[in-house]
Amino acid sequence: MLTIGPYQFQSRLLMGTGKFSSLEIQSRAVEESGAEILTFALRRLNLDNPREPHFLERLDLKRYRLLPNTAGAKTAEEAVRIARLARASGMCDMIKVEVIGNSHTLLPDPIATLEATRQLVEEGFIVLPYIGDDPILAKRLEEAGAHAVMPGASPIGSGQGILNPLYLTFIIREAKIPVIVDAGIGAPSDAALAMELGADGVLLNSAVAHAKNPVSMARGMRLAVEAGRLAHQSGRIPKKEAASASSPMEGLPT
Amino acid sequence: MLTIGPYQFQSRLLMGTGKFSSLEIQSRAVEESGAEILTFALRRLNLDNPREPHFLERLDLKRYRLLPNTAGAKTAEEAVRIARLARASGMCDMIKVEVIGNSHTLLPDPIATLEATRQLVEEGFIVLPYIGDDPILAKRLEEAGAHAVMPGASPIGSGQGILNPLYLTFIIREAKIPVIVDAGIGAPSDAALAMELGADGVLLNSAVAHAKNPVSMARGMRLAVEAGRLAHQSGRIPKKEAASASSPMEGLPT
Amino acid sequence: MLTIGPYQFQSRLLMGTGKFSSLEIQSRAVEESGAEILTFALRRLNLDNPREPHFLERLDLKRYRLLPNTAGAKTAEEAVRIARLARASGMCDMIKVEVIGNSHTLLPDPIATLEATRQLVEEGFIVLPYIGDDPILAKRLEEAGAHAVMPGASPIGSGQGILNPLYLTFIIREAKIPVIVDAGIGAPSDAALAMELGADGVLLNSAVAHAKNPVSMARGMRLAVEAGRLAHQSGRIPKKEAASASSPMEGLPT
Amino acid sequence: MLTIGPYQFQSRLLMGTGKFSSLEIQSRAVEESGAEILTFALRRLNLDNPREPHFLERLDLKRYRLLPNTAGAKTAEEAVRIARLARASGMCDMIKVEVIGNSHTLLPDPIATLEATRQLVEEGFIVLPYIGDDPILAKRLEEAGAHAVMPGASPIGSGQGILNPLYLTFIIREAKIPVIVDAGIGAPSDAALAMELGADGVLLNSAVAHAKNPVSMARGMRLAVEAGRLAHQSGRIPKKEAASASSPMEGLPT
């Protein structure tokens, strides 16, 4: 059971809803993923428009919990403003803080993310900040009252998988709040590895939405997250140079 | 559907039957894995003994196809002799050729493996040679009539996963026979990656048998193989430096 | 020529002075390294003691520029106080800001490091903050007036080399100030790679001080830094799947 | 001192002579590399032509030992024939056996390479077979009388560096003859790593010939080979998770 603030979830795979070629594909992929938490950029919604936004129309909103994000924000103030808008819309009191610090790499700004998190926690939000993979920043966010941390595996949309498993391990080991690996997942093996390292969940979007077949890829990701979770609980074998080695791998010169 | 010689299988996860702490655990893990092909070292059986060997007793042999291996052989001749014994026992006409070339690394002997494969093909066996990850050797074995090749991900029992995904990719791309990744798998992420690269199946043993909980790890491996297969069919996204990069990753200086 | 604030250096290898088994070995290793900048923890000096500290006695201080660091500081305030002590001692107006955020990993605190850097820049120091490998933080430090940034390759003293070459590349590509790779270097190949990626310099300590033969390892590091710098200037070949590939490596599925 | 058969060399960097844009650049790069052994494809020479081939004209042949290779051979027979031609030309009794098994990957044929090596050893050549990175094959070649083995780091001309440091380590650890890492080196960090792993030498060509500035890259490679050799002799520090870890790195889940 994944617990974030007051909410509980069976599924440990969170799905982004952007970048799909059609709403039909999107809803079928979301279905196959088994996700219970769906993220989306609030700026993609036209909140002034009385009509419910399209992608929400297609979903049975009783089955999902919405996690709007503050994509588009470049400062803590902008992120806070977007979060307030999201809550005012009545959709959810969960917010993914996303303050991008570079338009090419789309890596997040650690300072602004911490500021926005502090403010939003104070205002009573359930706050999930998206960060790089800095273990100390993750701890500072936890101390600031974040309800989960969402370290990136690699740059958003890059499909590179987990660039630095060691720092991710440090984050997981120290965290008393859930760790959701977010950004950069490219394939089921990446998602499985995140869970094997002990992550509490995985959030992904491009890897499914931009796959040639998003619907079957969504199913692959679902299975991989389950597989990785099982492995984490089952106690994997240590890595050894060879079966005959009496101790786990020592630092070979590479 | 995985086709090896005249046989067809739904499952793409092959299980080794050694190293389990008990027959009870073994049979439950095999069950959870969904495997239809079970490997075992013929030398572990006491063929002169009228009693059926223990681990076979526990299994419903109608549900599984047995793949005895020639473990213990250090030469082509020994491998051929063991294979003949296996067939004479009436268990199966499939044989995994395993000729170990080094007692520490347990890496296979490419020369003896090719020799034994040639001989056993000539004698009408269904031959699955276990090899390192040499793409040219894999092709020579195919030319010699092997029915599948079984490249190792890393040393037997090491749990190191896929040390050289490029050479494995070369083997898969060139092969007209099934490629079963064998040896070194440590976690579901490794098994998923093998399938994502296009392998036709994965064989593992220690990763399940030596896990703290072999039964749930077996289930994790089953899901991971399915996840990786789905991803291979679904067309994963290319790796890019960042989402904004217009082309897939180019050779950064590392 | 490496330029940091008002100072210029021929050597791009900076040496830490701690952890050596003897002052004799230390001074010989420093000599072999060709380093012109030496770092040390101010807390190792007994500033109240009228006697010059030992390791400084052995060195011809006209040949080296001292870069005291604030090791031991856990907050921005402590770092600032140590920096002021260092300057008051008359040794140098350069300071390496080091605020450790975790006593196991020894990874730096991004928030406190930025705060201390801002304060020390304002007070006229030449400031070199030690950070993790967050590209956005590196940019924020540059904007705060830092004279160089010192991203870690991996945890201090771990010898793991460069865990995340991509983020290091992002830092280097965006920086208008020198980038000195600091912490985690284990072998000359690591130092060479840092320079090949475009770093302006490398700082190391344990890899030399704890080598079996620190003096010859220091020479190896010196050559490696030169080799990597030459390679960066010489334009390395792109990575390709094979020589016959018409384009640089594209995102293979791993 | 590198000893191959009856010959001894100070330099541990072997240079290929192909692919340079001009003979002028070639000779200057060779000079900067410090190489004492030069390789070239015999087929590039026009042996029937009374004129000495161009690239040999430019070199002071007293300073170098020539190592012709059998590039172009696809079978053991062709390799043997080329080797005999090379010796008949009076250039050298050393021969690099190179039997390519795939025209895309340019990976060598293990079976044909062993056959050719056996034959050429019998005929009194000093034989250096180029192989993939199969540790058992390397041992079989040593048993066949090879005077050195030349495992590839990655495919010829790929610049990918060392794909499988573990198997290279196995080769080096077991070998009683020199191990020269050949093929795939892209940058000085790769060459340094090969030497740190304990290789006796490094052979490269494309990484220098196709660099933007081949002459300065040649110098970088020379320094890197020296740096890696020094590190191997100096006893590098073990890799640890963190400085505070009491034991070298154990098998983290990746």
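What to note about this one:
To keep things simple, chains are lettered A, B, C and D as they appear, and every chain counts its residues starting from 1.
In the analysis below, a residue touches a chain if its C-beta (ideal position, glycine included) is under 8 Å from a C-beta of that chain, and two chains touch if they have at least 3 such contacts.
Going by UniProt, the chains are A, B, C, D = Thiazole synthase.
Since we're looking at a predicted model, the values are computed, not measured.
Counting only chains that touch, the fewest steps needed to get from chain A (Thiazole synthase) to chain C (Thiazole synthase) is 1.
Comparing the CA-atom centres of all chains against that of chain D (Thiazole synthase), the greatest distance is found for A.
The angle of the rotation superposing chain B (Thiazole synthase) on chain D (Thiazole synthase), based on CA atoms and rounded to the nearest 5, is 180 degrees. Computed from the mean C-alpha positions, the centre of chain B (Thiazole synthase) lies at a distance of 33 Å from the centre of chain D (Thiazole synthase). Averaging Cα coordinates per chain places chain B (Thiazole synthase) and chain C (Thiazole synthase) 46 Å apart.
Averaging Cα coordinates per chain places chain C (Thiazole synthase) and chain D (Thiazole synthase) 34 Å apart.
Shared contact sites, meaning residues of chain C (Thiazole synthase) that touch two or more other chains, fall at 105, 155, 159-160, 166, 187, 189, 193, 196, 236, 238-241, 249, 251, 253-254.
Taken in their complex, chain C (Thiazole synthase) has these residues touching chain D (Thiazole synthase): 103-106, 155-161, 186-190, 192-193, 196, 206-207, 210-214, 216-217, 219-224, 226-231, 233-245, 249. Chain contact summary for the complex, chain A (Thiazole synthase) toward chain C (Thiazole synthase): residues 101-102, 105, 107-111, 114, 132-137, 139-140, 154-155, 159-160, 163-164, 166-167, 170, 174, 187, 189, 251, 253-254.
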